[in-house]
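Look for chain A in each of the two complexes below; its partner is chain B in the first and chain C in the second.
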Partner chain A sequence: MEKRVVFRSSWLPYALVAPQMAITLVFFFWPASQALFQSLLLQDAFAAKTQFVWFDNFRDLFNDPRYLASFRTTAVFSALVTVLGLSISLLLAVFADRVVRGARIYKTLLIWPYAVATAVAAILFVFLLNPTLGVVTHFLRAIGIDWNYLLNPTQAMILVVVAAVWKQISYNFLFFLAGLQAIPRSLVEAAAIDGAGPSRRFWTIVFPLLSPTTFFLMVVNVVYAFFDTFAIIDASTGGGPVQATTILVFKVYQDGTQALDLNSSAAQSVILMAIVVALSVIQFRYVERKVQY
Partner chain B sequence: MTFRPGVVRAAVFAALFSVAGAASAVTEITWWHSMTGALNNKVDQIAQKFNASQSDFKVVPVYKGQYDESMAAAIAAYRGGNPPQIVQVFEVGTATMMAAKGAVKPVYQLMKEQNEPFNPKGFLGAVYGYYADTHGNLISMPFNSSTQVLYINEDAFKKAGLDPTKPPTTWPDLEKDAEKLKAAGVSCPFTTGWQSWVQLESFSAWHNVPFATLENGFGGLGTRLEFNGPVQVMHIGNLGKWAKEGLFVYKGRKDEPLASFNSGECAMITTSSGSYANIKANAKFAWRVGTLPYYPSVKGAPQNTIIGGATLWVLNQKDKNMYKGIAKFFTFLSSPEVQEDWHESTGYVPITLAAYDLAKTKGLYEQRPGFDIAIKELTNKPPTANSKGLRFGNFVQIRNIIDEELEGVWSGQKTAKQALDEAVKRGNEQLERFQKANQ
Partner chain C sequence: MVEHRPLRAVASHLILIAGVAVVALPIYVAFVASTLSFDQVTTVPMPMLPGTQLVHNYSEVIAHGSTLGSKAPVGRMLWNSLIMALGVAIGKIAISILSAFAIVYFRFPLRRTCFWMIFITLMLPVEVRIFPTYKVVSDLGLIDTYPGLILPLIASATATFLFRQFFMTIPDELAEAARIDGAGPMRFFVDVVLPLSRTSIAALFVIMFVYGWNQYLWPLLVTTREDMYTVVIGIKRMVAGGDQATEWQLVMATAMLALLPPVAVVVLMQRLFVRGLVETEK
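Take a look at the complex of A and B:
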């Protein structure tokens, strides 16, 4: 059943959406169209000379085996960040939901990291895991793990994933907790009376009822991993060792703002946008079917 | 969105205030820079002194983030039609700035037009050459320059039974010392900061071998990299071997390794001479400066090292009156007193011969042993085509590529030859792209 609100006035609805439309046009459509246009040009940094080169920037990118390799890196990174971020925060939310005494303190502490800027989160983990001075490194050495993310590609990936996940847990936690609290107690209690254990209650009642939240968070987390994590890479591994943590958005950032090659950067961001649009379409078409509202 | 009244009031006030400021007779010259901490204070001090010395112009230094950030900001401001007057750009950005013919006012031209006394011969050759065009005209104003030196931990040397007054002068000696240090229980005998700059760029100049064709890029946009020659391959191969043996420990791409030297973990480091003040403030052990090591087996070595650091670029101005003030400021800035003071308090090399002489007469180098090693390396021999500097477009990307490939060697995934060949190939793609965009 659809709810409809009917406006008497013919202009009022348009006036009400106008501010939102204006913001979207100015801050999304306009820069996005600029990026599309820039991706077809070849300019010097000062834009003194501009050539229209059609799809040369894209051709150069796809001829670069390293650019293609960074798709795989991005896929691994995003999958890890999304899956780990969602499962850990769901676990924390379930526990926090059960806590009776001092619930507010737990919740506040869990929400805290969200106030930390992405780059600061990365620096925090660099301090903890620095190959020379890190506190955690010290313990890892003690149990026989030679921790040096400067040269070990797997460890570098672990570092950036941990930092990215830690940063995002609070956000996921908030939504999961709200979702859990919206589940009617009566359903869970009825199942308990019928003899279902905690694990069964969770998987057959709570988890399916939570699916709209999980789905929403999955989309948000994928977008986060694809777009918002360049600061983490920049502040920790710088894409290395070799190119072990060069994800697509980091290269966009590096080429555009540090190396001032705006045209290649624009081309990369167009490709990135296409990927995320495609992913979102897939998620909405196939995953959303499993969601029960 | 909510507006806090306080913020709005402050913004209105600021707007009114800036209008009032513009109405007064003093012309403001904005100087974007990337100097932090003690260096930032020094920059402010220089500007204050200049402002106090005359009443027509006021230089306003503004910290605009790190080198790449302030450069990007200046270019964005130029593209937006409202550039600052002066911007400090690191040596890596030189080719990008030089290629922007309409955007930049060359310093030699500025000084000539404004009839300011200006003696290009007064600058150190290695400093001047890096920022001059093919006709020998200075394009940007040298400001902070440094080069690569070796620092050793004397306490660690003593512990290993080595003579702490004798830092190794050659790479084979350094290897022997590193072995002794390791045997004495030092976990990190040797490390290096800025690996591309120290171990490849300046290394090539120091051994008088080319880094790239067309005089390392000075000869034009058609330059292509060639640092995969036998001398460089030998050196990177040695470093790779030492990394495997635990004699060389990799600590990061940029300045991060310095912390490992300061903490006492690493006994030797090759890095910027500009780190002098930092080590002095942080190292809790006796230490000493040595010259950058070389291979005696390479003919002509040591030649001279090349500089790093930054220069001041003048962006084209609509208001021509600005140029008068900028020229006057540059004259003030290059005076021996200002330069000597800058050298003494920061550790950057004196960029004019007059400032160097002034430091000598003041007895600065007796007070601080090793403080003049950097300038001695730079002036060791008259610069050749291989040692006057480097000029590449997309240099930021090229350095990243070199960093990545070197990490492949340190971790044992690649041989020196493979890595350098690959770095040259990938770097040349960047040079081709830059050439295409700027032709």
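Take a look at the complex of A and C:
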């Protein structure tokens, strides 16, 4: 789509795009190209010698059991966050769509966790589930569960998943509710007249019509679980115990700051970039398809 | 509602209320903890009704921080967070509305190149280019400064695209009329485009304010001095003092202070927020 009416000036458009171009070049293209370049180098710990090693850093990574374990952790984590987050929000959205009175109040009461910083969300759950003081820990003990996420890898994973899902519910809920409200009432009513019960109507009419929203949210949630949950990991488990919650983006940070292996860290960044680009392509292709409908 | 079944309506309300309660539980517990004394908060189980220390705890953290963990006053951190959030929101809106205007209303060589260069930034979050960006910022001497906190975060395309989409919907007749009346492009921008974009700007502002306020990884790297911490970072530093020594009542007071401004913005400007959210995601 292009504008028919345009203005003419030889310098003004450049002046207008200049600020954004400058910032993009300095803080985006330069660092991104540095990451690409560094991923192909090998530096010793004191940065005295630098060697160009082509793809050795990548080969080392894929031979490193700890990196592969981090891949697996990320896969488990993002699958849990996406599936749990989407199902809980869909459930709430379906019921909020159904009630006649108070739907707006429920909406207000459910959207605010979006505004809570991921790091703050993590701290809230660290407090709730603290091994010694936690309120929820107390109840878990009472029903015989020995809760200590600092020692138990599975429990650590549960903690970060719960915090991540809690934070993302409002976002999913909003989009599901909007999607549900866009479904023509007449379709649902026609099915009701034909004698289809609520659950039948949901699975044969509402759910399929909602699939574009669901697919969109799936991609968004996977991206969220991959990247935006760094703060949750760092503020709660710190990747532990024993790497149990070290997701990829946390490992990039850990290897860069603690292990001081900047080249490996850069190579990991490049792999993450490839993953984001792939996810974005999936998302754009889907958007194109939706336009054709 | 397709059928009238009062029982089912009641069930729906119950499920929704349960959902709201579960979502609100962590905040309620945090709020209660922030009103208790140190001894109360460390008893197991902790009291579940608010205590009497509300004013004491909040004034304590705002003025002096925690006593055992980080001693940086939270008042200062809130100020830093505010500057950062406003800087990110205003900066991003300012640079992207200008470049979107140029891309939509002018034909110039390199226009496509500019468009694609901005477009690519959509794809890479800060997290994946964090160390090289850190190096750039440190080479420019921007560590522990507000520009260092803000500038790298406004290099993103979402806002530019939102404005571009919106400008496309402005009728061509308006630009035509402006040209016939002898108005230059900047006059047109100020008198026609800006007023028409008011709602989009406001919606974007809400989203970007929340985004800027809640940043974690970037401020963690770029701030080394306590007086430059944002409040989200400050909380983490308070907890890091070891499990037994953590003064949870003060940490929770700080958490409440950290989440209140963005939550207030989202709840009070709910319509703008929802609109901004839907638009930035197309």
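The definition used in the following text is that the second predicted complex is superposed on the first by the 223 of 293 C-alpha atoms of A that agree within 3 Å, B and C clash if a C-alpha of one lies under 4 Å from a C-alpha of the other, contacts with A are read in each partner's own complex, and residues count from 1 in each chain.
Please note the rule applied: contacts are C-beta pairs under 8 Å (C-beta built on N, C-alpha and C of every residue); 3 or more make two chains touch, one makes a residue touch a chain.
In this text, all values refer to a predicted model and were calculated from it rather than measured experimentally.
Colleague: Identify the partner contact of A:Ala182: answer first if only chain B is touched, second if only chain C is, both if each is, neither if none is.
Modeller: neither
Colleague: In the overlaid three-chain picture, which partner chain does A:Leu68 touch, first (chain B) or second (chain C), both, or neither?
Modeller: A:Leu68 contacts neither chain B nor chain C.
Colleague: Looking at the overlay, does A:Leu12 come into contact with chain B only (first), chain C only (second), both, or neither?
Modeller: After superposition on chain A, A:Leu12 lies in contact with chain C alone.
Colleague: Just to be sure I read the superposition right, which of the two partners does A:Leu151 touch: chain B = first, chain C = second, or both, or neither?
Modeller: first
Colleague: Who does A:Leu42 touch here: chain B (first), chain C (second), both, or neither?
Modeller: Touch status of A:Leu42: first partner only.
Colleague: Figure out whether A:Ile282 sits in contact with chain B (first) or chain C (second), or with both, or with neither.
Modeller: Once the two structures are laid over each other on A, A:Ile282 reaches no partner at all.
Colleague: Where does A:Tyr106 make contact in the superposed view: on chain B (first), on chain C (second), on both, or on neither?
Modeller: The answer is second: A:Tyr106 touches chain C but not chain B.
Colleague: After superposition on the shared chain, which partner residues are touched by A:Leu91: those of chain B (first), chain C (second), both, or neither?
Modeller: Second partner only, chain C.
Colleague: Mind telling me which of the two, chain B or chain C, contacts the most residues of chain A?
Modeller: Looking at chain B versus chain C, the one contacting more residues of chain A is C.
Colleague: Under the stated touch criterion, which partner chain does A:Leu133 make contact with: chain B (first), chain C (second), both, or neither?
Modeller: Once the two structures are laid over each other on A, A:Leu133 reaches both partners.
Colleague: Do any residues of chain A touch both chain B and chain C, and if so, which are they?
Modeller: In chain A, residues 131-133 are touched by chain B and also by chain C.
Colleague: Can you list the chain A residues touching chain B in their complex?
Modeller: By the definition above, chain A touches chain B via 42-49, 51, 60, 64, 66, 131-133, 150-152, 238-243, 254-255, 257-261, 263-264.
Colleague: Within their complex, state which residues of chain C touch chain A.
Modeller: Contacts found on chain C: 1-3, 8-9, 12-13, 15-16, 19-20, 23-27, 29-30, 33, 41-42, 44-46, 48, 94-96, 98-99, 101-108, 111, 114, 117-118, 121-125, 127-133, 135-137, 151-152, 154-155, 160, 167-168, 172, 175-176, 179, 184-186, 188, 210, 213-217, 220, 232-233, 235-236, 239, 243, 248, 251-252, 255, 258-259, 262-263, 265-267, 270, 273-274, 277-278, 281-282.
Colleague: Sort out for me which residues of chain A touch chain C in the complex.
Modeller: Listed in rising order, the residues are 1, 3-10, 12-14, 16-17, 19-21, 23-32, 34-35, 38, 88, 91-92, 95-96, 98-100, 102, 106-121, 123-128, 130-133, 135, 138, 166, 169-171, 174-175, 178, 185, 188-189, 192, 198, 201, 216, 220, 223, 227-228, 230-231, 234-235, 249, 252-253, 256, 262, 265-266, 269, 272-273, 276-277, 280, 287.
Colleague: Which of the residues in chain B come into contact with chain A in the complex?
Modeller: Against chain A, the touching part of chain B is residues 68-69, 71-72, 75, 78-79, 96, 99-103, 250-253, 259-260, 263, 265, 394, 396-397, 400, 403-405, 407-408, 410-411, 413, 426, 429, 433, 436-439.
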